[in-house]
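In what follows, subunit A forms one complex with subunit B and a second complex with subunit C.
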Partner chain A sequence: MRLELGKINISDVQFGSITKLENETLYVNKDEIISLIMQDDHIKHVEVEIAKPGDETRITPVKDVIEPRVKVSGEGGIFPGIVNKVTTVGCGRTHVLKGVSVVTCGKIVGFQEGIIDMSGPGADYTPFSKLNNICLVIDPIDELKQHEYEAAVRMAGLKVATLIGKAGKEVEPNEVEIYETKPLLESIDEYPDLPKVGYVYMLQTQGLLHDTYVYGVDAKKIVPTILYPTEVMDGAILSGNCVSACDKNTTYHHQNNPIIHDLYKKHGKDINFVGIIITNENVYLADKERSSNWTAKLCKYLGLDGVIVSQEGFGNPDTDLIMNCKKIESQGVKTVIVTDEYAGRDGASQSLADADPLANAVVTGGNANEIIVLPPMKKVIGMLDYVDKIAGGFDGSLREDGSIEVELQVITGATNELGFNKLSTIEF
Partner chain B sequence: MVKEIERTGIPVVHMCTVVPISLTVGANRIVPTIAIPHPLGNPSLDPIDEKKLRRKLIEKALKALETEVVDQTVFED
Partner chain C sequence: MKNTIITNNPKVFEGKQDKTDIIYLKDDSYLSVLLLARDKIHKGHKLLTHPLSGSVKPNETPYKSIIVTEKKKEVDIDSIRIIEESIQTVKKFLSTKKTPLWTDKILKDFQLIDYCLIQSAIESMTQF
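Then we have the complex of A and B:
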């Protein structure tokens, strides 16, 4: 599969009468967005607001962040199996609106959504403070069940991102990157002397409201399987979960997975990056055993020399991570695991719930229990009334002056386990 | 908690779903349970069958508690 990824730089977003792109400015039609969202009869009300880098604005409770993209050529459309038909994607050309995102907000679970600060100390901890964010604050109809609310907000975000992405279809990109993965045997023939490296991509699937979708399938119902990396760039994997904000993979993270991009950078030079194995993080032990058995089996079957394994979330998925690591290593395939840590506020506690001596190469996205004080902001997009209960918050987190004392856990993307942020750990 | 209680001389059975974590943290008597969100029950069963399941798990745990062990032991069926 060969995909041309055309990046269109956007430096500003404004409301306008039609949705269009002009001189690096994206104009979006607010009424069009509202009427698109209100087609869903689960939704009572939506506010559409723009947050720009440097604004004294706090966005919360954040559910998902999505990058607008559009297929220009090649089969299928963005978000196959959900927004577009379930065609296999990853070939042809895709345009990306760089510097902009759609942020969905809503008090779905309350304690399991995140915070994005557009300025101040909190902004340094989230990559999304650097984007022009089109925020959708979505209220459900009365007595809508949580999981139906989640589905409605998820679909609203994906539909709006798809609508906005279309503005880039006819625009000449600032830069075009080419990514290509060949069928396995051809790939091995092409670089016979390079080590064959794969990527084991663990997806959050801990149950209702903790789900990830692959071509429209709830990933807790899959057995591990193989994807071409370019499929992910076309939205084959997307987030449908409400879990701790710091280390969940938003849809934006999936679209821009830095492990995939970095492996491509080394492809054909230092390594032969042959593909991705996706797997899940289920709540039954038999599922954990089966999935990790299968990732190990597939690694061996593909003849890999080494893999990178990335985790999503924390707690019992630590076991999935360690099982994957242990079983893949036992097949004679080297592993590096990418995770984050819950090492206590002083960093002195055990970082993961599970461990094994074979997990001897670890990359960490930082300690989610570190405390940060977020100063009050002039503007809040969304609402603050759940901050004392948010995962990483505590009774008294929200102070009288509007400042918030919390763990990094509350900040969307702060300790991302794909390495999509700046935090890590050094030994001394 | 399992280890601290055992340190006082009282035997403990750890009933849990993720047995590998229980082994890693050092529990000595482990009874595997149903699933992480509902360790001691199964909402997909009807209430009568679920009660049987719960009783079976508790009885297994009590039996484990009475059993002498020399090493970490997982009480499978």
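Then we have the complex of A and C:
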């Protein structure tokens, strides 16, 4: 599969009478967005607001962040199996609106949400403070069940991102990058002397508010399978994971997975990056056994020399991570695992809920228990009263002056386990 | 003899079905559920679900549900390892900050999440 990814730089977003791109400015028609969202009769009300880098704005509770993209050529459309037909994507050309995102907000449950600060110390911990964010604050109809509310918010974000993405279809990109993965045997023929490297991509799949979808399938129902990396860039994987803001993968993370991009950078030079194995993180231990057996089996079957394994979430997935690591290593395939840590506020406690001597090459996205004080912001998009009740927030953490003392857990993407952040640890 | 759910979640208790037995630790703590599961595992029951299911932290949600098998002849070493590591993790979180006293609405949200997580495991377990 060969995908041309055309990046269109956007430096500003404004409301306008039609949705269009002009001189690096994206104009969005607010009424069009509202009417698109209100087609869903689960939704009572939506506010559409723009947050720009440097604004004294706090966005919370964040559910998902999505990058607008559009297929220009090649089969299928973005978010196959959900927004577009379930066509296999990853070929042809895709345009990306770079520097902009759609952020969904909603108080689906009264705890455990995410924060994006557009300025101040908190902004350094989230990559989304650097984007022009089109925020959708979505209220449900009365008595709507949580899972229906979550689905409505998720779909609203995907539909709006797809609508906005279309503005880039006819625009000449600032930069075009080409990503290509050949069928396995051809790839091995092309680089016979390079080590064959794969990526085991673990997806959060435990249940309500902890789900991920692949081509429209709830990933807790899959057995591990193989994807071309470019399929992910076209939205084959998307997030229904609303819990643990710091280390959940938003849809934006999936679209821009830095492990995939970095492996491509080394492809054909230091390594032969042959593809992705997706797997899940279920609650039932037999599901974990089956899935980790299969990832190890597929690694061996593909003849891999090494893999990177990335995790999503806290606690339960630590066991999937270690099972994958041990079983893949036992097949003679080297592993590097990517995770984050809950090592206590001083960073001195054990980081993971599982461990094994074979997990001897580890990359961390940082310590989610670390404390930060977020100063008050002039404007809040969403609902600030929920900040007191989110992961890592304390009782009374919302101070009288509007500042909040919290753990990094609350900040969307702060300790992301794909490495899409700045935090890490180096052992000397 | 059937598999057993150990829970302190009233929603899981109210939703009990014929497929599993249930031990309801009414008004007891998250940690108590893990400790009872550990005692059973040391007596020969095997762990069927992960004790740290869900990304909601152990010092946030007061509710936990875990499923173990009926008693087997041999003690399962993997089950012991997972439950012991999980208990250490829970104690680590609680030593930093106790679980807040939540409002009824938020407690119901936590009950629902725990219920849905254990339900996803029950669906996997009982499809055949």
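Everything below uses one rule, namely that the second predicted complex is superposed on the first by the 426 of 428 C-alpha atoms of A that agree within 3 Å, B and C clash if a C-alpha of one lies under 4 Å from a C-alpha of the other, contacts with A are read in each partner's own complex, and residues count from 1 in each chain.
Just so we're on the same page, a contact is a pair of C-beta atoms (placed from the backbone, for glycine too) under 8 Å apart; a residue touches a chain by one contact, two chains touch by 3 or more.
Small disclaimer: the values here were computed from a predicted structure and weren't measured.
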Task: After aligning the two structures on subunit A, examine subunit B and subunit C and state clash or fit.
output: clash
Message: A:Lys248 in the overlay: touching subunit B, subunit C, both, or neither? Say first, second, both or neither.
response: second
Message: According to the stated criteria, A:Ser129 is in contact with first (subunit B), second (subunit C), both, or neither; which is it?
response: neither
Message: Per the contact definition in the header, classify A:Gln311: touching subunit B only (first), subunit C only (second), both, or neither.
response: neither
Message: Quick one: is A:Asn257 in contact with subunit B, with subunit C, with both, or with neither? Answer first, second, both or neither.
response: neither
- request: Answer with first, second, both or neither: which of subunit B and subunit C does A:Thr319 touch in the superposed model?
  value: both
- prompt: Once the shared chain is lined up, is A:Asn84 touching subunit B (first), subunit C (second), both, or neither of them?
  reply: neither
- request: Based on the superposed arrangement, let me know which partner A:Lys288 touches: subunit B (first), subunit C (second), both, or neither?
  value: both
In the superposition, subunit B vs subunit C on subunit A residues touched: C
- request: Return first, second, both or neither, reflecting whether A:Thr415 touches subunit B, subunit C, both chains, or no partner chain.
  value: neither
- request: Enumerate the residues of subunit A that count as touching subunit B in its complex and touching subunit C in the other.
  value: 206-207, 283-285, 288, 316, 318-319, 353-355
- prompt: What part of subunit A is in contact with subunit B in the complex they form?
  reply: 206-207, 283-285, 288, 316, 318-319, 322-323, 353-356
Query: Once bound in the complex, which stretches of subunit C touch subunit A?
result: 47-50, 52-58, 60, 82, 85-86, 88-89, 92-93, 96-97, 100-103, 105-106, 109-110, 112-113, 116-121, 124-125
- prompt: In the complex formed with subunit A, which residues of subunit B make contact?
  reply: 17-21, 24, 32, 34-37
Message: Under the definition above, what is the set of subunit A residues touching subunit C in their complex?
response: 109-112, 146-147, 204, 206-210, 220, 241, 243-244, 247-248, 282-288, 313-316, 318-319, 342, 344-345, 349-350, 353-355, 369, 389, 391-392, 394-395, 409
